[in-house]
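Chain IDs A, B, C and D follow the sequence of writing; residue 1 opens each chain.
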Amino acid sequence: MKVPILNASGCLDALAAPGVARQLDAFVTKTVTPLAREGNPPPRIAETETGMLNSIGLQNPGLDAFARESLPQLAELAMPLWVSVGGFSARDYALICERLDGEGSVTVLELNLSCPNVEGAPETAAELVAAARDVTTKPVYAKLSPATRDVAESARAVADAGADGLSLVNTIRGLALDSSSRTKLAFGPGGYSGPGLRPIALACVHACAEAVDLPIVGMGGVSSADEAREVVAAGASAVALGTVLFSDPLAPGRIRVELESAGVASVPFSGREIHGLMRSSSFGDVLSTN
Amino acid sequence: MSTSPCDTLSFDGRVAGCQRLAVVGAEPVGPYTLLRLERGGLEPGIPGQFFMLEAPGRLLPRPMSLCLAPPGELAFLIDPIGPGTRALCALRPGRAILALGPLGNGFDLELERPLLVAGGIGIAPMPYLAEALRHPPAVLGFRSAHHAQAARLLPGAEVVVEPRFVTDTLPDDPGDVLACGPTPMLEAIRALVPRAQLAWEAPMACGYGACYGCVVEIAGRYRRLCVDGPVLRDAA
Amino acid sequence: MKVPILNASGCLDALAAPGVARQLDAFVTKTVTPLAREGNPPPRIAETETGMLNSIGLQNPGLDAFARESLPQLAELAMPLWVSVGGFSARDYALICERLDGEGSVTVLELNLSCPNVEGAPETAAELVAAARDVTTKPVYAKLSPATRDVAESARAVADAGADGLSLVNTIRGLALDSSSRTKLAFGPGGYSGPGLRPIALACVHACAEAVDLPIVGMGGVSSADEAREVVAAGASAVALGTVLFSDPLAPGRIRVELESAGVASVPFSGREIHGLMRSSSFGDVLSTN
Amino acid sequence: MSTSPCDTLSFDGRVAGCQRLAVVGAEPVGPYTLLRLERGGLEPGIPGQFFMLEAPGRLLPRPMSLCLAPPGELAFLIDPIGPGTRALCALRPGRAILALGPLGNGFDLELERPLLVAGGIGIAPMPYLAEALRHPPAVLGFRSAHHAQAARLLPGAEVVVEPRFVTDTLPDDPGDVLACGPTPMLEAIRALVPRAQLAWEAPMACGYGACYGCVVEIAGRYRRLCVDGPVLRDAA
């Protein structure tokens, strides 16, 4: 079985670790916001028995510095580049998408509609997607939160608003306390990722794949080829790796090899293609080129 | 399990290895454990650099400074303070763990009069550092005589045990201080010796710049200690 | 430290296992609906690496049979009795609460506003609470789902609607596939409970305890005294045990003993008392009687 | 770990024990493992009843029929088909696991002409059942000669190996059939012998009526197999 493998936004810095990025079919940046953000005070990460929590708080250099300094260096990687777009209002999302619409090196705009570590925008996910849709012709992927009563409903809404694809899922808010009952993270709660998120992510992918006809990048606790297979079987067209990269930076290559040798052709593939992968003439070709 | 082939990754220019290393042995040193791994294809790196070591049964690896680099081996001195370090201290020959490194910035070794200063488990990087600097003078501080047993890893070092602190024993003109230890100790040394090279700690998820979890405040900005450190000078 | 220990609804049948129920400070029934329900087809349960999934589908005898047959037998247990109330419209909730308002053996009405295995009611949680509030003078506890963008907001809404307390949290939707990529549960997705739910539950208890001044029954993956301590530290006034009862029916007694010997007086207690516990003159007393 | 004190719980009138039992041994029997536990204070119960056994490293315990009750022991025959059963088969002396039981309804032993019929791991409850019935005739079906090695637990039984099935060998008037095995086999027997007592299986989380996870359809209703079964007659 051949499946495009991406990193999950915020889980890899391709400039700090180009060797890790090169294993991927596309690189996804950490979320970029209009203005620079220092992020939350440390400690920002904590391991739990079933996953990890993070409260990075969208630390990033801001749109201008990103476009001026990071983008040209990222372009040198000569691989499909997804920029994760964040903000605190529809205007923020529109501002960034409009600015990046002209950047030839940017393949896909992934809208982070769901960071649990910052106060979100007042608008609905659909309104944010619509705002981005208006200002760019690039493929727009909506990254949804699992923390919603009916994720399929959100999927339909962003599809109607013009999203070209879905990225599922972001972290869900979690909390961990230390032995003296203080929160392990300075911020308090954090985004929960890793193995414990996996059943929740699979349910979201499954529900959205049935609800809308968009390609889905599935993620959440995937750490093996078998788990990647399940994400595809649930309805995803590609898999993104996040937390697993911290313990095994070679996971993308390892999982690709395992998947291809396993050759689980039986797995139902949605047939929907991820946008802008290299020589993406056909799903098969996309991957035979890796 | 035995040692696997070595994969190399370039981090920001510098090359690190990623390899499953067989456990050679694990020996108690006072309250600490000296974990010896086959070196495989990994470079020991510059003193003060660190490795991310798989902690069996835990989701995330744990950052560990290289303590010693005997032929064909990499050795780490580990303080069992929690689940990950306890899992590492419990390793026995026959097991193998994934190791990534060397990572981060080590100590600058171009020095006139090096003085090594360490507190508690902060002794970990000192034996390998002392070798590189041809055994300069060293001051080690420990919480108890039991902890002070670790001093045997640094023969000839001056040892102080609480209530005395290493800072009580620093000469007026300490020269080029290279220090590692608990944050309060490092801050005290920075106050006395602004030019000291200090090896800091922070919880780390990845160790190679991917997660932004390990930030420390440097000149008013949050910087990744695993990329800009762990050894810092005139800063943090 | 002394903390009331309840079972989580649907995780214990006090008539089938009275010996297990007697360890508790109060027994919570499986959710009762107006009409009898056969529930979902088997398989209904699946273990995952970080928890379990269930899709029981609210199997229950319905209000009449429950009130006629089960209630008298439950009354013989002579312990505080919480009835979990479910339905598919505000009328359903009102119907059941009105009917049980006259039952002396019923101490608290816990509204299950959040079962992931059945289509929920069209009304909001607050509307369902208001409908129940109108027809009963018994304490009404609102059991919330973690699958919401801002659980504190839901807590405020149900508090304003007249809830006397909160039960946090219910399961969150999850999915598991077998080696041939079929869903392990006949129903498809199921409610995710156990260890993997714990960080999510802690975050919900923490957020709601800060948002409203209601007593909270905290639950979600608790399997030890130390984990119970964390739930209380996060802001709960009592702890409910669910999945852990399946592997250890003696968990309530074990955890109580561990908690009392640990005597973690340091843990901040919200001071809000759970309604209708035996001789509940004061929080301390409640428990010294166990 | 060793055997803990026994706690008793009454389930619907019947008393079951809940106790941590030390592992006495684990012996291969063809592809299966015979797991022997100290009996502690637990009753072996009626043949066909089962115990919930802690599967180390797994969240949920696993239901297992009692296979044999040697003095001071409880023995279970386990087919390693997944993570829980593999964990149970890997147990060795020195470990102890939490056990709950006996649970559920066993076989009715008031019979004129008992005939035991089992397929594959369905042999598990038969040795203990045969003892109680003073070794009645028995027919055992297995997938392969390797699996058929388990027949040694039931000396004197007739053994058939696929492609032949136990149902091919049932006498025209089989008498009082007591059967355990894969669902297709039980359904075939029910068709031939409506009055047969059949021991069914279903995934179980609790084993004592708490979770409603183990339901099977009986007379058009979903009933808990752990409470109303696992042995059913004229039903399911």
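In the analysis below, contacts are C-beta pairs under 8 Å (C-beta built on N, C-alpha and C of every residue); 3 or more make two chains touch, one makes a residue touch a chain.
In this text the structure is predicted, and so the values were computed from the model without any measurement.
Student: To get from chain A to chain D along touching chains, fewest steps?
Tutor: The fewest touching-chain steps linking chain A to chain D number 2.
Student: Centre-to-centre on C-alpha atoms, which chain is most distant from chain C?
Tutor: B
Student: So how far apart, in whole Å, are chain C and chain D when each is placed at the average of its C-alpha atoms?
Tutor: 34
Student: Need the CA-centroid distance for the pair chain B / chain D, whole Å please.
Tutor: 56
Student: Can you list the residues of chain A that touch 2 or more other chains?
Tutor: 51, 195
Student: Please categorise the chain-chain contact pattern as a line, ring, star, complete graph or other.
Tutor: line
Student: What is the complete set of touching chain pairs?
Tutor: A-B, A-C, C-D
Student: Could you list, by residue number, the parts of chain B that touch chain A in their complex?
Tutor: Contact set of chain B toward chain A: 7-12, 18, 54, 58-61, 84, 98, 100, 202-206, 208-216, 221-222, 227.
Student: For chain C, which residues are in contact with chain D within the complex?
Tutor: Spelled out, the residues of chain C in touch with chain D are 10-13, 15-20, 30, 38-39, 41-47, 51-52, 54, 56, 59, 194-195, 243, 245-250.
Student: Can you list the residues on chain A that touch chain C in the complex?
Tutor: Interface residues on chain A, with respect to chain C: 48-51, 53, 120, 145-149, 172-177, 180-181, 183, 188-189, 192, 195-200, 202-203, 206-207, 229-230, 233-234, 264, 266-268.
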